[in-house]
Structure formats: structure tokens, C-alpha cells
Amino acid sequence: MSQPHYVLTLSCTNRPGIVAAVSTHLFESGCNILDAQQFDDTESNCFFMRVVFNPLNGAPTLEELRQSFSQVAERFSMAWTMRDRAEKRRVMILVSKFDHCLVDLLYRRRLGELPMDLVAVVANHPRETYGSLDFDGAAFHHLPVTKETKLEQETRLWELVRETGAEVVVLARYMQVLSDGLAAKLAGRCINIHHSFLPGFKGAKPYHQAHARGVKVIGATAHYVTSDLDEGPIIEQDVERISHRDTPDDLVRKGRDIERRVLARALRYHLEDRVILNGQRTVVFTD
Amino acid sequence: MSQPHYVLTLSCTNRPGIVAAVSTHLFESGCNILDAQQFDDTESNCFFMRVVFNPLNGAPTLEELRQSFSQVAERFSMAWTMRDRAEKRRVMILVSKFDHCLVDLLYRRRLGELPMDLVAVVANHPRETYGSLDFDGAAFHHLPVTKETKLEQETRLWELVRETGAEVVVLARYMQVLSDGLAAKLAGRCINIHHSFLPGFKGAKPYHQAHARGVKVIGATAHYVTSDLDEGPIIEQDVERISHRDTPDDLVRKGRDIERRVLARALRYHLEDRVILNGQRTVVFTD
Amino acid sequence: MSQPHYVLTLSCTNRPGIVAAVSTHLFESGCNILDAQQFDDTESNCFFMRVVFNPLNGAPTLEELRQSFSQVAERFSMAWTMRDRAEKRRVMILVSKFDHCLVDLLYRRRLGELPMDLVAVVANHPRETYGSLDFDGAAFHHLPVTKETKLEQETRLWELVRETGAEVVVLARYMQVLSDGLAAKLAGRCINIHHSFLPGFKGAKPYHQAHARGVKVIGATAHYVTSDLDEGPIIEQDVERISHRDTPDDLVRKGRDIERRVLARALRYHLEDRVILNGQRTVVFTD
Amino acid sequence: MSQPHYVLTLSCTNRPGIVAAVSTHLFESGCNILDAQQFDDTESNCFFMRVVFNPLNGAPTLEELRQSFSQVAERFSMAWTMRDRAEKRRVMILVSKFDHCLVDLLYRRRLGELPMDLVAVVANHPRETYGSLDFDGAAFHHLPVTKETKLEQETRLWELVRETGAEVVVLARYMQVLSDGLAAKLAGRCINIHHSFLPGFKGAKPYHQAHARGVKVIGATAHYVTSDLDEGPIIEQDVERISHRDTPDDLVRKGRDIERRVLARALRYHLEDRVILNGQRTVVFTD
């Protein structure tokens, strides 16, 4: 794909003429719409849109397009972003002992499934926990944490986010609860994978809870982190059928597969600007 | 299938020799095992088994088999049942305004998918609610209910269960909560369909709860009724993927499909002696 | 929904400015876009779009809108339709001995899931095959067929289509192959349900074929009928997991559930103008 | 699990008394049955069984058990195996350019999901194709192949199988067709992953075929290799929903996820003695 592809996302109060204004502006700026998805939430009267387009010959630069589009945006009081699809987001991954999600994300990145620039892997366990795992040049940081040192550890974590310019933070089975303060700073750009089909089985040891309750299907949930534990806006969920024969250990094993595909999908949707927040929920323009 | 097929189910504390004792007894009684499934719950140390067998020429009658098997059962302190598969269970269906589950069960019965003898349809809405629906000769009873008349209505319901000899009671989207007393009388033989993926979204209007929470998958749950609302042992669950585009009304529509297949499966499992209670959970020997 | 909702579908060769032209035209005609989905097939360079919109106060009538839109359509050489969502399509259902799909469609229509006007049920089996089934006032026609009378039967069938003004013909497990001539006359508006996951197991007795091959998943396929048997454009497919324990009869039973949900979905998509042909394939704008 | 667990699998012509004979023999040998699954194929009149058991104190050794069980087996003309679950099978993995299945199998092995002893990784591409991939000490062999050198390459492959004592050969997206001769030598112990939902889309480029046909669901199939290409007994299949928006490249990406979970499941079933051949089909005793 030698030609640049830009992605525009926007949300605003709904009213007639938005699509016409956006598409006419792009057309008159010499751009061709390749894909567009929209959603009109009739409950909240909010309008959401994602447009992929490419500039034709002689079209303005991304900066010029942003400049000129800001007038359309202002007219409709839009919240909006416009990015070059080739521009990779800077991502930091946090992990604890279980590394199946981390391994999966690293492999998908190598395959080109996840357009991201991995700036750091941060763990509360030492480097040797992850054996010969290849971080592809990303820095590894061991930030151990105890109840007493949580404040200091989070302070260091936040510094790392700032130093590395991380735009997205992924909790890839990071078994520590972020403080309200840090959750607030990372609002809308910190993705967690919870190993249950939320809102069922919040909190600790969800597979053991699921086994005790005798459910016939288990799942995993990727969501944005908020100060309200396991209550953040859901990006993606998936499930798998189980039976009475499955022990909690079997659920942990089956769950690993669900967790890694759910987190990978959610992260890809986020990196490709497919997710827009809609209050406590999300609009996800899937492919 | 002109030859009789018998189904034996049993549960007991696990110890060596159960399978040998059961299979040897059946063999020496002139019976041939057609299918057998077992489960050894290592947590509770309970053993569960379902055996389908047919008597060969000159084999004893079902009554004689029961008699002789009772000695094996006693030796291992088994809870057990032995039934002729051709003997249909007597079933009563309770329904409220929404009749999609009722219609589905009636149709599956007509096709031969559900081996049951429908002894009554009971509704808290009048007959005309169900239009030209054909109950295949089953009696229809209109038992309206208000907060004030609940006791009387349940008394009449229980009389109907006894008069008709109903062995199984199905709450096919019956929108009334059974009293603890009635739930206790029907323990282990009253199946409810809850229109959510339990334990998520207990109580009223689960599809609206699901929409408000922004989940990406919805489901339905068939369970035995207990005095603890929406907490009874789960027999079957299934799910379907949704998106931000789905309104609560869309969820209701998609949910109808999930509800009817989940309830039909759970009822069939029960009618075919595939479900054995294991404390607050179930063992389901699926086909 | 007292306000009218109109649905516009269109396809044409892709070139810059289509979305702008369509949305600006609707906006300037006093209409508000409620939903829009588009697809740009980069292989064939075809563009597809579906727009749901409502006229604001004082807006032109549907006829006037069609008139004025035809100029936009001409400019881009569009194939297009514009319909009032409240205007129900006239549907004829063809059925043979197995009536599970028929029963399901009738019930969903009664619930309001399928916006259609049922003009006739046609069967090659006599009325009593369908017992006390309630066609909700639709005429029933018994058109028996043998190898010798196929031409006459199809001639009568075609007359019925014309007399009733049927716009859509549904083969709801109609076990006769339409002649090339009739298939051609019904091109793009005749939907069949095939009881396999196409392209696997074309032709007769697909469940027996599936059992013989030992597959672990079975499925059903709804497609437009073409003269090339089981090769028409696919609208919808779904599957279910099976095991070695399933006999061909079990597959038939499990398949019934898949067939009815796949056919119902495909028909609903068609009735709601969500399906656009793209050569031998379909574009389906799902909800 | 410090106590040994043994797994018995058997198949034979069905006749009364098999379960009784097997379970009684195990009981009298001082063994306790932990799990047993059986299947009675009424078409072929074959009986299949898998029993997991552990010897109680003072029980005979595995060798003694094999010795004594051989008499039971002889009586019923059984094909049978009896193994210690702790005894890992020796596995060789063959791979071509795409390494997603290889990477996944290596990772699952490290996690303990796949009880196997990896004796070699063989590729028709050089070592650097797999970058920094860690084979955990397994030998890597580069065996390039052309039409002209196929015979020599397969001869060397077969020598490797013999030298390493490989009991199982996994074609983890190995893009070469084995000759009939080699396929015959590896009958029943060579597992391939085909990137389509067989029997649909046999042969080359199945995702491109699927895209051209316009299917709405894609899948993958793990099967034993036979001389009849893509026709061997199926062990496991799974699928995923797609849409008109998916390009062939999208199908390749989505397919990778299906392929790796299908191959991993099939291999695990094989390694845990859960698969028994039944003519051109398989009996799979899942957990």
C-alpha cells in the first residue's frame, strides 16, 4: 500500500447533514472515501462515524486536511481524530506471571496483525520469568510491587509511560489493580483482559467461580480500565462451551485461548481506530 | 425401534468396582449395554453414571431388573432410576404472554424430538392470548394471578400437578416467581428458562440490563428452579454475538431464538434422563 | 414508528464523490440519514450502499424522491431501489413434506420479525400433510409433480407467481429442483435453504454424506436460486458442532434448527433490502 | 499427580459382555477406573472404548497389566493399547514458510498443554526463516525439496523418523504433499492441518477459493494423512464467521487463528489417546 490511507473518527450530537458535510468536504478536498461506517444512537442522540479515505493526486497533506476539517468539526461540535494508517501507535504491555497473552501479542505483531510500536514490556516479575522470550528490541522493566510500594511503583509506571510516549497501555493478564489515580490518567487508552464473561464473575479467580456455579459456557472480556473494577466499557467478548467434566484447571487452559484472541482483537480494533467510547459502552466498527 | 431400551442412571460415593459391578450385573441378567457415560467428581468424590441397555431374548422384565439391581444399588448406597425409554414423562407447561418457547416445544413434540406426554398448558393469561395455537389435545388452564391471589393460584397449580400426575413442570417464559414452598415441592423437576447468560443479569428485564452494560454477547440459561431466584442448577446455556447497533428490542428478538433452543435442549436432556444433580450443579450426559 | 422510513440501495462502478453526491442530495431534499452502510469491492471496483433515511417536515413524497434521485443515479450509472420500509413485500412459500422451515417462517411473521405479505403457500403434498397448521389466511395450493408433469406444474407455479404478484419465492425445504427456465425468471428473488454447509455436500441427502465423511461440524446455507444447482450466491450460513455419536438421524434433527434460523435470517435480510448481488456473491449489510 | 495413570483404548466387534469383562478385569487386578467413555457404532457393529485407571497399592506393573489384559483382548479380538499417561510420545513437526502453527505448538508444549517429546523440527526452508524461534532443544533439519529431489528428500525424512523414533508426525502447514508411499508408512500417526472446512475447498489456496465462492463462514480441518489428498479421517474442525468485507488476506489472517486451535486440539487428542480410527472416520473421546 504505497498510497497513504487516512482514518477519520468522529462523534457528535446527531442532526441532519453530518454525512453530507463530511463526505462533501472530503470530496472537495480531493479525497476518495474507501470505507465508511456510522452509527446513530437514538437513545443518546449521538452520532458516530469512521471514515477511511485516501488523498488523490495533488491532494493536501494530512496536516492541511486536519486544518480544513476542523471547520466542519467545529460546525457540528465534533470530537474527532484524523490519522495516517501507517503511523503506528506506541504501546506498553504490562504483564504478571502468566505470559500467554504477552506471547500472543508479540507473535501477532511480528506477523503484522497488530500495527504497533512496542515501546516497553513492564512486569512485576523478573526477566527470567519470561525465559527466552524475544521482545523484538523492546525494553523490559521489572517493577516489583507490594502493598507498601504500590504508590512508588505506579509513580515509576507513569514516568515510563511519559518517557516512552506510550499512547496505549495493555494489561495482558497483569494481576495488579491500578489505583484510581492511574486509571484516570490512562482513561480511554488502557485495555485490560478479564478472564470471565463480564458481568459474571468479577474479581479474583473467575474460573474457580465459574466452576463452582456450574455454568456451561465460559468467556473472556476485554475492556477499557476505569476506576470501577471490572466495570469499564467493554470492547470485545468471546466464549467457549464447557461441561461438567472440566475441572478449574481445564477452564484455565481453555480460557487461555479465549483470553488471547479476545485481547488481540480488542487491541487491533483500538489500534485501527475502530473503537469510539459511548458513555459506559463502546461503538466498535468491526471489519 | 421395536426392542425395548432401558435407561439406568445412578450416583453414589466413588469407590473401586462400581463399573464392574454394574456392567457384570447387566451382562449376567442377559442385557446388552448400548451406551454408557460416567463421571467421577474428584472434588466431591461422587460417581455418576448413565447406561442405556436392552434385554436380550428371554431377559427379565423391567420390574424384575429393578428388583435385582436394587441389591447392587444397596451395596454402593446408590441413588438410581431405571426406566423404559418408550415410557413418556408427563409434562405441564406454564406460560405467560410471550409464547415463543411454548410454540417451539409444541412443534418439537409433534416432530418427535421431545418424548413427552403433555398433560396441561397453564397460563396466567386467557386462552385467546395464544390465538389459534394447537395444544394437540392438552388441556388449557387459565390461572390469573395477582399479588393478593398468589397463594390461591399456586394452590390450584399444585392441585393440577397432582391431578394430572405431571412429573415435569416447564416454565416456558412464565413471568411469575414461584413461592419457596412450591419451588420446594417441584425440586429437581421444574425447569425455567432465564433470558440471560447467568450469573449475569439476574432478575427483571435482562436484555435491557445487557444493553445498558454494553456487552458484546448475550445468552439464555435453562436451570432447575430453586427457592433462590435465578440461582438453581444450570442445565444448559447458549449465546449469540451482538453489536452496538442492537437496540434492546433487537436483543429481545435475537434472544427469543437462543431461549427456545436452550429450553428445548434442557428439556430433552431431562426427559432422556441425561441430567443428574450434583449439589448446586448438574452432570449432563449429552449426546 | 409513525414517521415513514425509506430504504435506498445502490450499486455502481466506484469513483470519488458517490457518498457526497448521495448524502448531499438527501440532505437538500429535506431528509435525515438514520443509517448508512457501504462497501467498496476493490477487486471488481464496484461500490455498494444501503441508506435508511426519513423525510423531515414538508419533505417530498417517495415518488418525488425517486424522481429527483434518478438524476443522481444516472450520473453514476447506478442500479438502485428506493422503498418505504412499511411497504411489505409479497412472498410465496414453496414446501414439500418437511414443514419445520415453513412453521418457523409463519411463526416469525406472526411475531413481526418478517415484514412480509404472505400471498400463497404452495406444496407438492396435499393440505392434510400440514395438519392443523394455520396459514394466517394465505391461500394454499397443492401442485403435485412427477417427472412427466414437471413442465405443467412449473407453468402453473409461474402463473401463481404472476396472479399473486409474488415478489419473493422461498423454497422452504421444497425438494424439487426448479428448471433452468423458472430459475431464470425468478433470478435474484428466489431463496433456497440447502441442508449442508456449501460447497460441501451438494445434491441429495447431505446429512448422510456428512455422516459418511465423518465431519465434526455440520451446517446449512441459504442462497439465491440459479440454474446451477447449489451454486447460487450465498446469503447466509451457520453451523453446529457434532460428534461421532451422532447418527444421520441426529444430524437431521440438529440440522432442522440450523436450517430454520439460517433461512429466517436470509429472508429477513432480503425483505429489509440488506442483500445486494455482487456477481456470484452477495453483499449483506447485516444489523 | 504422583500416582501413575494408565490409559486403555480398544476397539472390536460389538457383542454383549465387553464392558463387564474389561471393568471386572481391571477391578480384580487392583485398579480403579477414573474415567471411561465408550461408543457403539451400530452401523459397523464396532465397539470403541477408552478407560483411564490407576493401580491401587500393590497392583501389578504396567507390563504385568498388559500381559494379563492381553487374554481379555484375545477373547474379544480387540485392537488395543495400554499406556502410562506420563510416558510422552515422540513427535516430529514438519513446517514450511508459515510458522504460526509451529509457534503455537511450541508454546503450548512449554505450558504443559501438549504432553510430547519434541524430537525434531523439519523444514523445507532454512533455519533463518524461523528467526529467533526457540525450539527448546529440539534438533532442526533443513530438508529442501524440488520436484526432482522429492524422492531423496522423503527418504531422508523417513530416516529421520526412524532415527529419532518419532511416533507422531505433524504437518504444521507443511506445504508439500507426501507421496503415497510415505503416507502409507505414517498411516494413523501423521496429522495434517488443512486450511479449509473440508470437504469444501480441497487443494491449493482454499481461502482464495472460499472468497471467490462467497461463503459466510470459513474453517480449518485437522485430519490423518492418507494417500488420498485431503480425504483422510477428520479429527477436528472449527469455523469462524466472515463477511463480504473480508478480502482473501483477511481470510488468511482469521484462518491462522482457526488453524492453530484446530491443530493443537487434534494433536492433544491424539497424544492423550482420545482418537480411535473407525474406517474413514474417527471416534474422538473429548474431555
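Letters are used for the chains, namely A, B, C and D, taken in the order the chains are written, and counting of residues starts over at 1 for each.
Everything that follows uses one rule, which is that contacts are C-beta pairs under 8 Å (C-beta built on N, C-alpha and C of every residue); 3 or more make two chains touch, one makes a residue touch a chain.
Bear in mind the structure is a predicted one, so any value in this text is a computation, not a measurement.
Undergrad: Would you mind naming the chains that touch subunit B and likewise touch subunit C?
TA: A chain counts here if it touches both subunit B and subunit C, which gives A, D.
Undergrad: Distance from the CA centroid of subunit A to that of subunit B, rounded to the nearest Å?
TA: Those two chain centres are 42 Å apart.
Undergrad: In angstrom, rounded to a whole number, how far apart do the mean CA points of subunit A and subunit C lie?
TA: Subunit A and subunit C have C-alpha centres separated by 37 Å.
Undergrad: Where in subunit A do residues touch at least two different other chains?
TA: Those would be 39, 245.
Undergrad: Take each protein chain as a node, join two nodes whenever their chains touch, and name the resulting shape: line, ring, star, complete or other.
TA: complete
Undergrad: Along subunit D, where are the residues that touch subunit A in the complex?
TA: Residues 100, 103, 107, 110-111, 113, 131-132, 134, 245-246, 250, 253, 256-257, 261, 287 of subunit D touch subunit A in their complex.
Undergrad: Taking the touch rule as given, give the residues of subunit A at its contact with subunit C in the complex, in rising order.
TA: Against subunit C, the touching part of subunit A is residues 16-20, 23-24, 26-28, 31-40, 56.
Undergrad: Going by the contact rule set out above, which residues of subunit B touch subunit A in the complex?
TA: That would be residues 39, 41-43, 197-201, 212-217, 219, 233-239, 243-245, 247, 278, 280-284, 286 of subunit B.
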